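You will see subunit A twice below: alongside subunit B first, and alongside subunit C after that.
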Partner chain A sequence: MAYTPQYYPGASHVAVNRRKHMSGDVEKLRTVSDDDLVAALGHRAPGADYPSIHPPLKEMGEPDCPVRQMVEPTPGAAAGDRVRYSQFTDSMYSAPSIPYFRSYYAAINFRGVDPGTLSGRQIVEARERDMEEQCKATIESEMTCPALAGLRGCTVHGHSLRLAEDGLMFDMLQRTHFEGGNVIEDKDQVGVPIDRKVNLGKAMSEAEAKKRTTIYRTDGVKYRDEPEVLDHVHLVHHRRTMYGYRPETAAETAPGVGAVTYKTV
Partner chain B sequence: MVTTTDSDPVQYEIFPQRMLDPSSAQEVLNRLEQIEGVTRVLVQGPRLPLTVPYGPGKGAPVDHTDREIIRVGDQVMELQVKVGRIRLEAEHDVMEEVRAICEELFPFPFELKEGLFLRRKATVTDYAKYGPDENVEDKSIYGMTDPSMTPTSKICESCTDTRE
Partner chain C sequence: MAYKYPSEKIFVEALKAKFAGLDLSEQKVEYKRAGYIQNARKREFQAAGERVAEQRGMKQYDVNVHCGGMTLGQRQLVPYKLSTTSDIVEGDDLHYVNNPAMQQMWDDIKRTIIVGMDLAHETLEKRLGKEVTPESIAGYMEAVNHTMPGAAIVQEHMVETHPGLVDDCYVKLFTGDDELADEIDSQYVININDLFDKEGQADQIKAAMGNTTWQAVHIPTIVVRCCDGGNTSRWSAMQIGMSFIAAYNMCAGEAAVADLAFAAKHAAAVQMAEMLPARRARSPNEPGGLSFGYCADMCQTQRIAPDDPVRCTLEVVATGTMLYDQIWLGSYMSGGVGFTQYATAAYTNDVLDDFTYYGYDYALNKYGEDGTAPNDLATATDLATEVTLNAMECYEDYPTLLEDHFGGSQRAGVMAAASACTTGIATGNAQVALSGWYMSMYLHKEGWGRLGFFGYDLQDQCGATNVCSYQGDEGCCLELRGANYPNYAMNVGHQGEYAGITQSAHSGNHDAYCCNPLIKVTFADPSLVFDFSHTRKEYARGAMRTFRPAGERSLVIPAGI
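On to the complex of A and B.
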């Protein structure tokens, strides 16, 4: 029988969403064209060729290396693309995803990506076409609500601020705005105006955002109401604290010993 | 330490659950200004820059639609922040009037607190900006300006730069 990883403990819909993000089993909610995405990212002109930093690997003649023979290069690496980035910000007001789960999603489901996780933003560096593939999948899926999350290369502090009256996350560079019920992006991710309006579709309603969120909040699913998650976090914390780099030597939490009781402060 | 007495003016802070649009802010400020006894009102929130301040797009125009010109009473001013909090000072207790206005205008919850939000004594920064306390005619200016404000960006005529 094939092994199916569980990815994350818990029974609430927040835990289910976290598992979905990690496994890559996310629903596609909108379509953004390749040219629109390239314009929003701002690394090259829409329709232009991918600039390269080295010739295609096939033309270069690689050294005789068993690792290179085992690992198939990603399309971006094979073509010699530049390394470029995309960066997302998620509002703490029940945004669908959060930096940690964006990173899990990228690292588990895509090859050749380098996710960086910070408190308010999450960056992915990769060869340009690999990064675009990952970014497109992220922005089109339920991981992104155009009002509660944003493609922001800089000035991400809106994630921790209250929402505007229309429900849009604050952005001092105003990269997005509402137009006819849809969220329109008319600047690239670093705030430079672009010559097109990228339609990111409708924002999620408050109820839908709470249904799709991966954030435990006191006004939604409380972290303390998730005993399996708490137990798992305690287990990891205990092993890491008491046994450092040899968690397998923790006799009191070994398989078959039985339940270990942790005292929640 | 600031000691308050019954004769001291009272201060309030309005903290709405959503950050206010310029039109809502103008409406609220105008209504607050009409309450008898209100002497000072200050808005606080994240700044709306004219140009991208840093990053690869540094210098590009922002043109934020919330950076609007609003009219409060007979004063016309350009909003430089997204209004997140409103702090006001009154000569006597106007808590219920303020609460009634907020309940009428905000379709979302808000917090209304009484406390000390605008300072009453000059700090070292004030000394550097305005000079010795005895030379400052309008002492209500204390606490009303952006701490990082440059001397050239005056908010009113009484904010004269007294430094030599």
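On to the complex of A and C.
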């Protein structure tokens, strides 16, 4: 699947990182084995077959229709997998990713995904093997710091709580801990203990997190110092307000709003 | 108003009280995971749950059921300071079930109806040839205050309600006719001149009312606790009809009584809230039909402190968030307890106050006096951008503040409310203020890459489109929108703020009322159980268990229960 790289305004490295996340141009930083990922997700036992909710599409004798001819099923849909979820929480303290950009990353770069975006969590629902593919790419990439982000199916308010003394994002259910300098996960997404220690690798240093982050903060790149993004927002506001019912007539500029250049990776 | 934003953030005092001894700006902390035991109210709940289980032989509240034994309190369970007061209370005590003041606020609205007297007087004079004089009106007021609580007045053998159970029920009269008001026994009169004695408010209200005369009816709290809000007009109309019959020596069955009843029930009746469509299935005088303009007018801070438009505005926010979020959306529409956490963010710990006073100071310096800033998108953009950026920076600079508003929906509501209320006070225009709300939502979402829960993707992303259109199905002035306005109907953390935004525009204009002067006068009455001029203080009294509500049943139940 080849998508055109995405466009976003702004000159700072935060804006650059946002363009990278949207475009799927992210660096792989660690490896998590398939079985470890399956254990951490908690939907099935590692090594077990994918439970299915219908026979493989090829065996179903589906009716001939133009949509089916145009859209190739994802592997999970073709096999009849259940729809399952992965959900991430990202700390406000310069975690590399943020919910909306996780959603943009998923929706732009993967097929058959259903991202949901909230303040403390970002969920992707998809056929199980498709979800695992997207989740694995995410958790292994620079979008995820194991200390500042985590797989959390519930109790996600840690995103806005102060960090623990060791730098871990607060987690009521204590799904992860430091061990030998690495972040170890020994509970699944909803806090049920698992029979293994999933090694998520080393936490990013504070400097590295700030380098890779996509959030504007006063102790990093200040939102005030990114006028092009602010003007982009002002333009969106103007156009939705003035032309919401007549979008075809919308102006490209708004009074008092500076020029906005949308850049790509 | 000359105002200068203080050198220290207004919310810092509350944070110091909540996070005693800690550095408010430190991003890391030792989590002690002390559990529920750290909090007196949770300990009380656990003990009470054990007693309940013992008495009824069936388990009830047990903290150990929470999350498989991982109890509440894995972080610090902090108290809440009611904004602008010095009262620090437990969060649990801001759930309306635990707070009798909150219950009474809603009871006082639900049990109220305003009924015009002029139609009835015309019927009496023109159809029946009766003479209506200040003396006859006083006789009627005596009769209606006897019978409104549930007493018989023209029957010989009837059951009645116990006066001690319905002592909060009464009827008062108000009029734009000063001469008439002076001639009626003062115990029955809401005195507009005395209550609205600042900034010429009495003249504004009387000019709007003309020489009309109205009765503010408050049926017993205990009645609306058993029946829905639609009962208020019926209970009221029945007793009003009986009182006219008694006071004016009418035939109880003559056809003219129907005219009086029709006036009391329909033609001259002003409900507090409109009936909702069938799919929501609520009668009049239920919170889903309460317009933001009426909600703002019920709050009385503008009457007593018009020189502080921020305070006036945020008292309305407190009124609205409790009613719309905690009771309407939180219970009527969804059930459960979580919505309290959204609402409290808007009226505790001086956070919304800080953000709004910051904006007020900025607006005064840039645009001058209240209500004088240009009514255009540029003003909304400027003010909402500055207020939102400042608020985001506060959350970033004070990790304890971010922790206090640990949900994005809380932060979104508070920041957008501060932006919009600042804009409303500066421009005196609720639509421009509403535009500031959406501007803030967009900025927040883009800056942090997150906003509130899913609903914020709906109304806060498409809502700007409805700001400048009044066409049917495309928009409406904010004063007349309400909890059931399309797109507003499902989303916590908005409706109370919208009521506050409505107030902000009229506080900016230094108006005596926002939408309906009759509502404003009715809730100015000091005889009401809940004091609508000090909403947050009243909530604090409720939380501290010093508020005495109406509608209690202790007269007729065994002692010691």
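Throughout what follows, the second predicted complex is superposed on the first by the 242 of 265 C-alpha atoms of A that agree within 3 Å, B and C clash if a C-alpha of one lies under 4 Å from a C-alpha of the other, contacts with A are read in each partner's own complex, and residues count from 1 in each chain.
Just so we're on the same page, a residue touches a chain if its C-beta (ideal position, glycine included) is under 8 Å from a C-beta of that chain, and two chains touch if they have at least 3 such contacts.
Note that this is a predicted model, so its numbers are computed, not measured.
The superposed arrangement places subunit B and subunit C in clashing positions on subunit A. Using the contact criterion defined above for the overlaid structures, shared-chain residue A:Asn109 touches neither subunit B nor subunit C, since it reaches no partner. Looking at the shared chain after the overlay, A:Tyr223 reaches subunit C, while subunit B stays out of its contact range.
In the superposition on chain A, contact of A:Ser23 is made with neither subunit B nor subunit C. Within the superposed three-chain model, A:Thr155 lies in touch with subunit B and with subunit C [touch as defined at top].
In the superposition on chain A, contact is made by A:Pro193 with subunit B only, not with subunit C. In the superposition on chain A, contact is made by A:Phe101 with subunit C only, not with subunit B.
Of the two partner chains placed by the overlay, subunit B and subunit C both lie in contact with A:Phe170. If you count the residues of subunit A touched by subunit B and by subunit C, you find the higher number for C.
Of all the stretches 60-68, 168-176, 240-248 or 528-536 given for subunit C, the clashing one with respect to subunit B is 60-68. Contacts of subunit A with subunit B, set against its contacts with subunit C after fitting on chain A, overlap at residues 155, 157, 161-165, 170, 172-173, 191. Note for the complex: subunit A touches subunit C at residues 18, 92-93, 97-101, 116-120, 155, 157, 160-165, 167, 170, 172-173, 191, 214-219, 222-224, 229-230, 232-234, 236-238, 240-242, 244-245, 254-256. Residues 42, 153-155, 157-158, 161-166, 170, 172-174, 177, 188, 190-193 of subunit A are the ones touching subunit B in the complex.
Looking at the complex, you find that subunit B touches subunit A at residues 16-21, 24, 46-49, 52-57, 60-66, 82, 84, 108.
Within the complex formed with subunit A, the residues of subunit C that make contact are 26-31, 67-68, 70, 74-75, 377-378, 381, 385, 389, 392-393, 395-397, 399-400, 402-403, 405-409, 411-412, 435, 438-439, 442-443, 445-454, 457, 461-462, 464-469, 474.
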